[in-house]
Structures are given as structure tokens and as C-alpha cells.
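In the two complexes below, subunit A is the common chain; its partner is subunit B in one and subunit C in the other.
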Partner chain A sequence: MTTKTLLLAALLAGVALPASVLAQDFNPDASIRIGSLYEPQNLDNTAGAGQGINEAFNGNVYEALFQLTDAGSVEPKLVESYEASEDGLTYTFTLKDGVTFHSGDPLTAADVKYSIERVTSEASKSSRKRSLSTITGIETPDDKTVVITLSARSISLPYNLSYVWIVNDAATDITATEDGTGPYSLSEWRRGSALALERNDSYWGEAPTNAEVVYTYFTDATALNNALLTNAVDVITSVQSPDSLAQFAGNPAFTVTEGASTTKELLAYNDRVAPFDNVKVRKALARATDKARLLNSIWGDYGTLIGSFVPPTDPWYVDLTGVDAYDVESAKALLAEAGYPDGFEFTLDTPDYDPHPIVAQFLQSEYAKIGVKVNINIITANEWYTKIYQEKNFEATLQEHVNHRDIVFYGNPDFYWGYNNPDVVKLVADAESAGSEAEQVEKLTEANKIIAEDAAGNWLYLYPQIVVSAANVTGYPINGLNSQFFAYDIQKSE
Partner chain B sequence: MSTTTMTAPADKKSHSLALKAGVVLVGVHIAIGLLTLVWLPYDPTAMAGGRLEGPSLLHWLGTDRLGRDLFTQMMIGSRIALIVGVGAVTIGAVIGVTLGLLAAFASKWLDDALAATLDILIAFPTLLIAMLVVAASDTANLWSAIFALGIALSAIVARLTRILAKRVLVMDYITAARTSGSGWPKIVAIHILPNIWPTLSVNFALQFGLAVIAEASLSYLGLGAPPPNASWGRILQEAQGTVYTAPLGAIAPGIALVSLAIGVNLLADGLRDTIDPTRRAR
Partner chain C sequence: MLFVLLRLLPGDPANALLGVGATEQQIAAARAQVGSDQPLYVQFVGFIGNLARLDLGTSFVSRASVLGEIGNRMVVTLPLTFFGFLVALALAIPLGIIAAVRSDKWYGAAISVVSQLGIAIPVFWLGILLVTLFSINLRWLPSGGFPLKGWANFGEAITGMILPSLTIGLVMGASLLRYVRAATLDVLGSDFLRTARALGASFPEALIRHGVRNGAVPVISILGIELASTFLGAVVIERVFSLPGLGSMLLLAIQQRDYPNVQGVLFISTLLVLLIGFAADIIQRLIDPRLRGRGRALA
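So, the complex of A and B:
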């Protein structure tokens, strides 16, 4: 537990954990074996490869102009310096010197242009395509300079560029091979089982503290846990339930760390339809939900209550758990005020995988106390996508929202939950065209408070991000934002 | 020869023992199922205890993740299993016997067509057909699961009925009845059903066990009765993630399921030995 507290403290202070605090000696030629449930379908993050490719490649094999750090800040990576024009529509980036791809080609402005266009192209399946849609032109006046012009101000441009891998423009078929600038290069990919990275000895930056990283893929969480127990892997990237931790917690051979994920368990109402168009009804349901008890049921002592859609790693986080706190009596009073003194009945479309069915039963039991009857309708993930996300044909649903910095969804009245508050729409739009990061943070913090006051959704809890490792392995990322798992600081003592 | 005479009485004894065991196992489940109609230790949806409490005087089998009493859930599971078994077998019997008799009486081409259709249906596992039927219906609930299992079982019943009825239909006394002017409803009621009933009823008992297991499988896959209906399959599924810390959540529905299925099978075996005249003669 002390390790956990220490790591949490480090997280809260927003600093990277100095690996030397935990391990004095390490083997610089160690091989780090990482166990994961997320095997990439291919090696290209613009070709529907899944989150596993971000886990294995982001920051390890490929680098971007900027990097989203594990603490949630955006820092220059391949960019030496950059400046925005007065009107915020032109960004000029100067690239770092001495950066070469694994193939030996030097990094040039043309590679950057090629890489961005790869993401924004017609064929790209990147989930980040839309956020880069304001880019109207990319100029390369010389080998070290990239000029991006925008159709509208976009304060998030550096952040959005942190998702864009810089790929050698001469590389072909990067769905099965790679040519990046990162501290590791791909040494072997055995489809269906493992992906091995080896240290890039001509890396431009600081050398990794290990020689090799092997991602081994499992389809079953129990098998993954057993692999760590039997020393077949050194680290598990994300633990899915607190109960499998019983095998590791309290055992000095293992370290359990809890970081802050960005995955939010959400009871989403269809705010377009009665009675959920009534803010009093939404607030009543929020107050009738004992979230602390729910979180304990699902995650035991892990996880966080946030009171809104914003996790602590987003810059516009504020603790809003005090808004519409658990209070059954005031929930009843609000329902009566809203014109439902005897409650009402609604259907809760519940995805069929854990933890949603159990969360649904919890809510059913809680809301019965204020006279609200919940009918649970179990649906598959595909049904959720078509019926709810596309057709918006539902009353209420449960979903885990994994994205980082996704409060902007509340600024889109056409989003599946149909929340439409002109103030929030304006704040989200203004935040994007803000002149400074401080202004962006101020506006989105304001939006965050408004959605909480409006009880736009019922944010039940934030999932924990739990990493378990052998005790002799340290230095891995604890938050795993955007599924990233930077391997270059991992140290292993023998 | 001497071994045969030696083992025969022992066999008979073990058979009657099996029957008794079957009656007891099934009887316990029926008693619990009936008891749930009038009394339960806790409200099944009430979160009466803490998370994953172990067995105690308050909670005999402990609690689940939401703090609900597991013993209460298990009792309701018995009731649901019995409802599913009876419901599915009844639907399967009505549809199956009707179709089987129809095929037995039908003209050759209709009989062939029905027989081929039944063979195709039986080629699919019961669970798969049931899953298809559930998937085709809009919402998954207990009744759609029962209906789906009934449909799936009816093919097996129909084929058995057809064969048994055909065997009876060629008997001399049927020809006699026909020549004396009996219509087919009378032939079915007086001659065929009483003749094939013993074999069918043994088969129904076996199908009952099949239906209970299949419903648990459907619920396990999320296609059975929606929560909070405490089907054993659902309890098992929800306990899967906590099997290391609270193994009772998975063990209890497993034992319940196995005990009812074995009980029904023993009962069916025993029934066959008492009812079936050829076996009784041995």
C-alpha cells in the first residue's frame, strides 16, 4: 500500500516518478516482458489496428511532433520550437536536429507533411481525423520547417498532433512493418501472440534503460494474471477487476500501482426525450445514486468518484462530487417538483459485458427507492452502436467512455445523448479558438461545471488504471493515457 | 451365465436406488421452488450486506458484489429452472407430438419432407437453435428463452413421436380399428398415445434436464432472463470475475445445476425401468 500511496502522490504532484527512488541497480540490457489483452490487428494506427498499437508503438517506435505525457500534459517531442501567428491560423514548427528514422533516413519536413496527410486522408480510419479537419494547408519551406494553416483557431492543435505518428515518407506497407524515429525498432511480430521491440542504438534522444521489450498478448484475463504469477511476463498493462488483484496485493514479489484512467462509467440519458429533458429529473436521479457504494461494489477499494465527465488528468478537472451528492430525500422532492411525485418507468439499454449488467441492477435497486422503475434491456456492443450511437433510439443507456479530453462531446448537440445547452456549445467552441491555453482551460472548466449542474449525464465513477508488475521491475507509466505504455524508462534489476 | 444371474438383482437394486435419489434431488428443488412463492430470506434485489461477504448466519452462502444475499438468489434460481424446464418441455411436447403424429399419418411425400426437416433441425445443437430464436425476438426475457428452448426441443420430440407412432400404426389392431370405421382422432387417442406415452414421458424427463442446462447457458451468455432474474446461469456469469475471492458465487449455482440435471436424469432412468415393459421383463 505504501507504494501505491507514493505513486498516487507522485501522480497528484504531476511529476514523473523517478525510477531511481525505487530501484538502485538495474540491468541496462534487460528484456522487459509486458503482458497485454490488446493485440493490435495490424501495425498502422490509421488502419483500424485497435488500442493495442498505441500501447506498443506510441512513443516507443513512433514519435509525434508532441507527446501526451503520462501525467496528461502535452510536451514538444520532435519539435524544437514552434510559434503561432497573431490570428492563430498559422503555426510554424521547427523540427529537432539529428533525428533519423530506423531505416537511416533523416527526419525532414516532407515526412511530417506526409504523416499528417496520412491521418487526414480519405482512406484513414483514424479516430483523430475529425479533430484535425481544421487543417487547410501544410507547407514545407525548408527541410526543418513545417507551416500549418488552419481554417479556424485551434488551441488543441499540439495536443491533436500528439496522436499523429511521424512516419518516413519513403516507408511502404506500414501495416506490417515500421519506420519510425522512436527509441525502439520492431524486431519481431508473431501475429496472434507477441510483438518484440529492440533498443534503437542510434536513437536521437536519451537511450532506453532496457535493451528489449516484448509484448505478449492474451485473450483471457485469467491467463494473463497466471502469466505474471508464473514469471512468464514482468508487467500486466491493465487489470480488469479488483478480485484478480487478490493474488498480487500483499505479496512482496509484486507491485500493484493504481493510476488515474480516463475511462468513465456513464449512465447516459437521452436528453431529448421526456422525462430526461427535465433537468430536475436528471438531478433527482443523480442524487438517488449512491456512487460510493456502487464504486465499491465494482472496484472494491480502487477507482475514483469525479462528479462529472472530466478525469483528473484533463487540465479542466475540478472536483464536482459535491454537486447533486447522494440524498434520497431531496431526490424525491425534486421528482415531485418535476411533476413525477409517484416516479416513472424507463428502459435502460445495457451492454452485455461486465460491469454494465451489474451496474444496471444496482441502479434498478437504487431508483426503486424513489419510485422510478428501471427495465433492463441487455444489448450487444454492436446493437449499442447502431441503436444508440447512430439511431439515438433509446431512453437511457450505460457506457464506458474511454477517451481523454472528451468533454467536448457535450458541446455537440447531435451527439447520441442529445444534451443541448447553448452556453456549453459556445464555451466548447470558444475554448477551441482560445488565444491561450489558460483561456482554453478556463472555458472548459466553466463548461465542466455547467454540465455537472445540469446533470447532463450521471457520471457514476472513473475506472482505476491498475498495473501489476514483478517487484524487480519499475519505471513504467501508471496512468496509461490514450492507451500509451512508454517502455523506455522501465528498469529491471536481476 | 452365472454372472448374469448374480448381477441382475444388484442392478435392479441400484436402479431403484437411482430412482429414489432422483426423486429426492428433484423433490428438493421443487420444494425450494414452491417455498420461494411464499417465503424468501431477503428481498432478492435488496443490497442487504457488504460486498462479497463470506458465509455467515445472516447470509448462508454469503453475498454477491452488490451485497445481495446469494442464498436468496439461489432459491429463486431453483424456481426459474423449474419454470423453464416445465415450460420448455410442455411447448416442445405440444409442438413435437403434434408434428410427429402429423408426419406418421401423412402421405409419403409430406412424411419424407417433415422427416428431412426434423433431421436437419436435430443436426443443430439445441442451444444453437435456441440462440437463433432468441436473437430473432426483439427483447430477451424468460418467456422468449422458454419459447426458444421449447422450439428447439420440439424437433427431437417430433422425430421420436413419428417413429413410435409409425411402429404402432402397422399393428394389426390399428388395421382392425380402421376397418371398423374409427377415425384418426380416435385411433390417436385410444391406441397410439397410450402406447407411446411411456417412452415419450421418459424422453420428456431427459429433455427437462437438457432445457435447464440450456437455459443456464443462455443466461450465462446474456440471452436468457434479463437481470435481476436470478437464473443460475446469470449468477454463474456474474461470479466469474470474483471466482478467486468469492468462489461460492460460482460453486453454488454449479452444484445446483448439476444436482437438478442429475436428479432429473436418475428420475428418467428409474421411470424407464418401471414403465418400459421390455426392461421390466428382464
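So, the complex of A and C:
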């Protein structure tokens, strides 16, 4: 699917949902049952709870100072107003009035300070810790005011703060309980099975359009699909293959929506080691990859081709699919120029879960055409983290990268793939300390073009993001679902 | 041994706590937290010390008490094993006896052939077949899952148990049936049965009063083994039916290298398997006075 039709689909879905809601009454006391593959390991997103906790809790149970909307913009949530000093090193936030935690305690500046420090603390497992490392101090002159000082300008501060849950500083044991300010509170949790949220009747904002949300967890994608087919759940958030989609598409009992995804399938080289330290070799492999055929063989008509690490929803996206387009002859010529006229051999460390093994086999047969022999080495996800991410002991690997705005990884020469281009390092740093968003976008767009020209990695495709629901359920989010799934607008008619 | 084998697996329990984007310092802190930065012998001494105090510890990942979590999972796995076992018994004993007594009739032979087929079918495949038939096509039963409120929601919990129990019971019943049939054939050819009949008992009477009791002894020792393997086989079935039991806990814990959970589940499972074997032994002695005598002679 091209970008244009993707946007069109999202637009149509956005227009169609409210219209169908107007046409039918919904039950304000409905229970919405969501089927998911991502069970939280515990309930604390700074304690290694995994992706699942964000899906269940972000915006539903916990709120942040800012919120990343389904449309992708960053908007104030628990802040009434804020201002940055001239030099961009001091931010002053004024908190909203009348906000209370589920325990009944009022929201104060001390809670905000406590919550941010939870993420930046020594024990924090949060992947946002690095991006908040410019924070040097948090002051609370009064109950409603928080002053954050930075060591360097950080244009992404509001965006990064949208991932920081505001937790009651008096809360204990939040790996198994919660105390947030959101429209739902946790009512029940059965490990390995399900987690239920109930409407918070003293919520400070607009009340949810349903009374309860139950996330049911599955380890098997087929079992997840079966649950929707048999009406055991109302919505499933991640369809794993086009085959399973066939049972829902064209069936009037279900609604299939394709939203904007940020999950990229990446062939990452270790740019530190030969022959991948040679840009010509990397470009040759890019040109030898028929990405359109790969995407089609895995996802049929779904998914999007990308020319770099940036998904179309990031502000610094430009269409770079033309850079190193599929061309086997020029790939061979480049290899010869690079000093490998007869090709070479490398080991591809491949995570053992879908779609990586299939992608690896595809690449193996593609690269055989230019004389490059791929040895596939299957590893577990856990092993990947030790061998590749920590020890950087690999030649090439496959990985799905789920976050938006993660082009900044290319500005870190110590990152696992070892891409080191001083221009990009500088552009990424300058973008963060930019005085305006326009300047940030300009710098990162430039960085984006450079990594594409350098073939820093081989960006194979963007996963489709498909939500399937029962036809009587509407109002759920469809975009950027790796980090959140706002449930409060979901409506269910009888 | 288990302790060492687990740690020979590549990977690190700290990894389950971290994501792409974690800093060096975060990785080091996570490894210190779970203790995987310590030398193996230090980890082992800690493990043995805790075990001696019957303290199974807390999960690296969820931070929940291992024993508490095993308790939560047992309420799924134990009933599942029990119901599966009942199905197997209900199937294997009557059919096994019929297959033996009527081995000269077509249906006696048919039972034997079908049971062979049952043994050959992988349990997960049968599970998928049953889901396709009873959940997706007929819509009679749920395709999986366990209610959030557990057994408090009795109706939903019990209907959720039907298909997985049936799956386990069918596969287990098929192999059990062969033992029942063999044991019955043994009994049929025995002297005591002929004597009983000669003393005037009808064939069914002789079979029930003398045959079943004699045939039961070898079958019960097999039952003990089968029950234990059903319990362990729940790993596969729980995954197919998305049941939050011990099996799914073990599987996830292995993926995450969550050693306390893996060790806890295996420790409790081993304990249970030993208990089942012990119980089977006792039952055998109750049924067969000869074994009791032997026990006493040994003592």
C-alpha cells in the first residue's frame, strides 16, 4: 500500500467512525474486551514491564504532563500551561486544577517531581531515561508549579514527558498496584490471562464512553484471532499475518482498519566490521533486495515500503525509496568496485519469531544472485539482546524497531549497529538543541537523507498496523499503537 | 544440574527488563538487581540456601512471589489435569475391556485401530482440530481463555475447561486403552477366571469380581505415569487454549530466563510427580493383598 492510499484509509476511517456512531446509540455501561499479544510483566513501566503495560495503562490509568495523540501531535494533558525561558534551559509548568489520584490524593508538584525522578533514577529500566538525561534539576516552588532546568536545550522535552507517568508519590508497590490520575482504575489482574480497568467516576476530565475495559492476553496469534471470531473479545490490536486477516476482511460482522504504523523491519549491519564498514557493500546489498516482492510475500497488499528508518508519520519523513532502488546489475558492479567481485559470506543473526526467519530466507536467496552467501543463525530474543545489543558481537542481524522518532539512534555511534557519521551525529545533536520545531525538522530531515545515502542499514519495510473489531464497536485508536491504546472513546452498541 | 543447565542457555534474565535504547549503566544496574553479574557459584549458594528454607524467591521480571504465583496457576493446571484424567479413564476402561473381550468382533478390532490413531496424533494438533470444530464452526464452546475472576465465575471457568480436558483426555485415553486391553487379555487367559467360572459365576460376574481387580494392578502403575505426564503435557495445551496455568508460566519464564520462576515451577512439578507415583503405589497395595504382604516382608 502506498503512503497516499494509507493516508486516505486513515482519513476515511477517521471520518467514518463518528458517522457510524451518530447513526446508532451506544451502551455507556458496556464492557470493552480487547485481545492482545502483549501481556505486561508487572505494572510499572520503569521496572521492565514491557510494551504491554503502555498499551493498557498509558492515558487510561496513568496520565502524563503531555499526551501524544492518536494523530501524532503532542498536547498538554496534566499541565494547564507552560513556558520555556529564552535560552531554552528552564521550563516552568503550571498544573491543572482539580486533578486527583485514584486513591483520592490531589495532584501536586511534588508528585510530578517524584514521577520524573522515577524515570531518571539509578534503578530505572525505562528506555526514556537517556532522552531525559539533560534534566539537571526539578524545583517545586508551590503545589501547582514545576520548574525543570536542563543542561542543554531539548526541543523534545514535552514529547519525552508524554512518556512519563505521573504517579502519586505516596503510592507503594506499583509493580502490582497503581495510583494514577487517568479515566480508569485497575480493578483486577490475573497474571497470564487478563487485566481489567473500571471507569473512574471521579475523573477530572471527560468521562469514558464505556464502563469497563478488559485486556485479555494471548501467547498465540491464532488463539487471539479465534477469540475475536468466537466473540470472546471485541477488538484485537495486532494482526500478525494477512492469512489470518482473510477471515475478517469482507465479513460484515467485523471492521478491519489499517492505521499508521511505526514498526520497521530492519536488516542491520555491524558497520564496524568488514565488509559492512564499506558503504559500497551496504549500498550493493540494498540494491540487491527486491523489497516490494519481500513485503508482498509476507503481507500481501498491506504494509508500506520505506527508504530509510523514518516512518511517514515522523515530521522529518521524506520519500527516499528511490535511493538504492532494486537493481541487481548495479549491485554486482558496486560489489566489484568495493573489492568483492566474487561476493563474500556473512552470518545473519536472526531472531526466532515471525517474520524474521522468513525474511532471512528471502534475503539468502536474493543475495545468492550477487554471489553473497548468507549463513542464517537463529537466536532467541533474549540472546539477541545480549549478543547483539550489548556485546555488539555480530556481522548482520534482523530486528523490528517499533518506536517513532527513533532516527536519533543513528546519532549515537555506540549504538549496536555502530553507524558513525560525524555529520549525522552533529545534526541529531543540533536538532535536539534547536530553537524551533521547524529547525529540528530541517536538521533531522537532512540526517534522514544522509543515512539513506550511506545505506546505514537496510530498511526492508514498514509493518502494517491493523486493528480488527466486531462491527458494533467503534472509536478505538488506530495509529502508533506500540506505545498506547486509549480506550476511553470506545463505544459499543448492543 | 537444572541450575547449571538453565544458566548455560545464552542470554541474561536482565534482558527481559530492558528494551532497545537502554544505556550501559541501566544494563549493569539490571544485572546487579537479578544477580546475573555474580559468579555462578555465588548464585548457586544463594539458590540452595533459599531452597533449604523452602523459599522459592520472587520473580526477576514480575517481582511477584514465586510460590504465590504457582498457587494462582495451580487453580488452572490441577483441575485441567484432573478433568483430562477423568475423560481418559471414562474412555479407556470400558473401551479397553470391550476391545479385549470382543477382540474377535469387528468393533473390538475397530477400537484398537482408532486408539492407535489417537496415540499418533500430536496433542496440540488435536486441540486445534477441536477448536476449529466446536468453537469456530459450531460455536458451542469457547476457543480458550480463563475468566478474570477465576472459579468465582464457575460457569465460564468450567466451560473453558471442557475442550482442553477433552483434548488431553482423548490422547491420554488412547494410550491408556491399550494397557487396559492388554491387562484384560491377560486376565481373560488366566486360571483364576476359569476357576471362578467353573465355580458357577457368570462371565460378566467373574470378570467384574475377579478380573477387574487383577487387571487393575498393572494399569494403576501406568496410570500414575500417565497422570504425571498429563500434568507436564499441560504446557502445550495451555498454550493452545490460552490458559494461565503452570505450563504457560514455565514457557514464559524460560523465554525470559526468569530463573526463580523456572526453578519454582520445576521444583513443585517434580514434587507433584513424586507424590502421584507414591499415591499409585499405595493404591496398588490396597487393591492387591500380595503386594501388601511383600511390603510387610520387606519391613
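FYI, the second predicted complex is superposed on the first by the 467 of 494 C-alpha atoms of A that agree within 3 Å, B and C clash if a C-alpha of one lies under 4 Å from a C-alpha of the other, contacts with A are read in each partner's own complex, and residues count from 1 in each chain.
Going forward, contacts are C-beta pairs under 8 Å (C-beta built on N, C-alpha and C of every residue); 3 or more make two chains touch, one makes a residue touch a chain.
Quick caveat, the model's predicted, so the values are computed rather than measured.
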Does the superposition put A:Ala170 against subunit B (first), subunit C (second), both, or neither?
neither
Contacts for A:Ala207 in the overlay, against subunit B (first) and subunit C (second): which applies, first, second, both or neither?
neither
Contact-wise, after the overlay, does A:Ala274 reach subunit B, subunit C, both or neither (first, second, both, neither)?
neither
Partner contacting more residues of subunit A (subunit B vs subunit C)
C
Quick one: is A:Ala253 in contact with subunit B, with subunit C, with both, or with neither? Answer first, second, both or neither.
neither
Could you look at A:Thr386 and tell me whether it touches subunit B, subunit C, both or neither (first, second, both, neither)?
second
Check subunit A for residues that touch subunit B in one structure and subunit C in the other, and list them.
none
Subunit C partner, complex, touching residues on subunit A are 41-42, 47-48, 50, 122-125, 127-130, 175-176, 188, 190-194, 196, 214, 216-220, 222-223, 226-227, 229-230, 232, 379-383, 385-387, 389-390, 399, 401, 403, 406, 409
Subunit A touches which residues of subunit C in the complex?
10-12, 15-23, 25-27, 29-30, 33, 61-64, 69, 72-73, 128, 131, 135-136, 139, 142-146, 148-150, 239-245, 248-249, 251-252, 255-257
In the complex, subunit B touches subunit A at residues 45-47, 51-52, 65-67, 139-140, 222, 226-228, 238, 241-246
Complex interface listing, subunit A residues touching subunit B
240-241, 243-244, 246-247, 293, 296-298, 300, 350, 352, 354, 357-358, 360-362, 364-365, 368, 376-378
